[in-house]
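Note that the chains take the letters A, B, C and D in the order they are written out, and that residue 1 is the start of every chain.
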């Protein structure tokens, strides 16, 4: 079932192909300049650091709903091993098998394709099993550090968490921006809080996964208008599931990643940050969120930190 | 072969057990206070961000010398998969198997034990195959953000890289501190550059691994005297290999991790940072280096960034 | 909660420690002699080959109930990769991560220990994280080929499958032996059919896993009296779950593996074999069931075949 | 560089597409009939069982020469874990990550493709990252049990092992057949011994991998003329490496797997079998060599056994 014309119209409006040259592989990360980072560092007033990653463990957020996206299987290859003989210093070593998109992660730009293309008009078949992503792989992103802005949609709506069917609209983002008292500007990384991750934190990963609130197909234009550098939220699917429009699957992914060339983050735990921002009445901070640089990865784990 | 009395004497002098309470699990990370972080953020002047992680890929730094510490085997579980039918948005997904200590990483405190103990006097057998590290596992570290100071020992000695047999002494650190024009202080994260990683970057992972320059058994006292929060360098083994004293294996690991409770980083690529610091004539910066929070992990990958 | 005296009394009666010498690592596999195998080969009359392994795939029998025992995550490292250039022969290659006990498998003798011991009185701590099983590891078993006898307990009871609470007793085995018209003898490998695996084959892995029929604590004496070489069945847990006696966990494992030194097989698909045996009115056959020889493995996948 | 016309001529002569119907997925395994298996079972005279698999361990035969084909990383997820409380029966469990073609294995028919096709004329792109091999995957093979015939080319030439540059020709096979005193016939599984695996067994995996003796492009016609069901040998590459003809890579793979639809086995340890056959002056036996049934696998580990 081909993508509808409405999708293609929005796609045209938010498209960034060629904007940073035909050779560009990082999209809206280009918007994070030295000036942006200097200003972000200047927001640090207390030095408080808030972690946004979920702990990595076998009972992580994945339910099996997405085939192959496995929770971390973390095993030991040595426990107090006296490699050099008895009564010497003993070592312990670990190994993991996991989906790169299994926990708190960034989607790299080639994570989705549509109509045979990935970001900047490159052919989707530049991703191969053997070579992985030839363009815009996760290792290309480099350091991801900028001003972070929390758009606490749940709080702005007076809800502990959004209903599982809630679709986050541009109007929701406006209201959260107003609550924040911050104007989102070029190079910002926007964190959209739905509260949905409370379900996982309370032990119900099935409820967390589906149904889930998420971003509307109308939000990419909002992000594009403000030249946001990246967006993350606290859901498994990023956009609403079941989808906003019947038989239109992953349109927000396609607009953000393919058309705009903008990183998307999922499974970010924004609960402690939400409390801190409300307490301190400030919603902008220094955000450090560099993905693990997997060569050709179409996603990667990240351990983001908000520094207030 | 039991650890010699000289080791135990140093151990006594640098020991931090109980310093932050019997329940403490993070050791010298306690030294990173809000004030330290605020001061670190204030060092940002250009907004330049320098990545310190090696790309993660199958031809990584591991040679097989350390059993079970495998380079990333990164495979795709989907490539442009039209999960929802033909002509829909297609997704690509990745999986990895890797040693948590295989690439650019932090050693967590329980990575080594000696005399049956880990940091803060806890029993080494609190690490188990099934449960991994019960105390001081990698997820306990939380955000690792502080002032970073580059001690460019190679540059201070006028060498492109240190000889493979060079043992980095407190005097080397003093000289590098003088070159840096910075006084290392409480809560700093110190990055010690030997230049050894050039061997890997030039394609010779065997030469990189062994023999290797590294830190002397005398350096923990230097770090302890200054209340350093963590130390990383650009070698596979952190300390010199072959070891500084015959039959005394991993004494620096034992002093840093077990006695002081101080994170150690390995395989950090400090080459670009060295150039930048020399150019800008400044060696202190904001360092963001939060490990992936593997629950009970005795180490974890990290994608550190220096923000100048 | 220590093992009850009743357990220890049975243990004494079925114990084989020392029977094949203090150095023995294969237990009842010693009972498979050349004569046994010749006689087994002589049972082949049609040449029909019936596979007893479940296909290996991500939606295998594991539900997450047993931590770390993961279903196969089977990924491609190359798909039609033209390693040697365009228009050459292209190759596809696969990788898997899986629990060795995840699918159709044998438990090796050290898979369980009790009272600090494994088979033949060796210390349980001879199994280590780094070295795995020093004694009786899966690679020691060697070829496992013998006469197989199907004891079709479900059919003997006139049931399609046993109730989920049914505990298979010696009397059940007697009745199935009578149905089979075969006398179980020294060196035989006995396959006990409950029909439970139908639940998995019908798509309900939760129901397959638990609750499950399985072997009674009284069956090891039955096997010991006949000098059976190995026993496999068509359940996840081998013995009944929930257990036959409250707070007495895995007693059959302990008796079979530790005391007798007898391999146990689980998740064997005996459905087609059951049909064939009933049709052909014969229940003895040549069984070929050599485990994958994982060095130090406490279990291994096996692809058993009955040859009629 | 396209395949030369000489290749295509041989391909025509050995092609089996359509021979067992357009729907066939198992190729020459069709030649193993009940009668073949009955006759194979009748060869059993001593009941001696000889294992042909290499133990699976981290220092296996893979050198890194073939990207992604990793030796087994075998870790424990539990060691003597008292899952049910203190003093209960304790369990040990294992996990592995490995290339399906890493050790002693069968290549499934879709392991290679040429000219866009796999066996029986199916499109090569029926193999996908997400779905793996849609046709002729390893799970389709079913039980592989037949008469095995050892063609001991090394012994027939009076060599302990063939020179690393030796290319095994039809004339070599004739000579080995004469030594064997057996006429290879329809449905046989032929094991071709070069002795090359001695290099690995002596600890030199690099020498084992390359250069390597192997089968000539002329051997597929020899196998085809006799309607052999499958062929395995004791090398890493099966065919000679470097290749017999410059710039003609893997032609034997293409002829055996794609054109004939005949399984190929590699890394089979034929040393003990060679001794046994020479001692007993018999070279035919019952061979049981069922691959682990990985769904859609383009190869799989196997633990073959010769029963004499």
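Here is the rule we use: contacts are C-beta pairs under 8 Å (C-beta built on N, C-alpha and C of every residue); 3 or more make two chains touch, one makes a residue touch a chain.
This is a predicted model, so every value here is computed, not measured.
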Graph separation of chain A and chain C (steps between touching chains): 1
Selected interface, A-D versus A-B, where C-beta contact pairs are more numerous: A-B
Chain copies touching (chain B, chain C) - same or different residues, decided at half shared: same
Whole-Å separation of chain centres (CA-atom averages), chain A against chain D: 45
Chain centre separation (chain A, chain B; CA means) in Å: 26
Residues of chain B whose C-beta touches two or more other chains: 67-68, 70, 73, 75-79, 95, 97, 128-130
In the complex with chain B, residue positions of chain C that touch it: 67-68, 73, 75-77, 79, 95, 97, 129-130
Chain D residues within the chain C interface of the complex: 1-3, 33-38, 41-42, 44-51, 53-57, 66-70, 72, 74-80, 83-101, 110-115, 124-125, 127-129, 132-133, 139, 142-143, 145, 247, 249-251, 253-254, 286, 288, 290-299, 301-305, 307
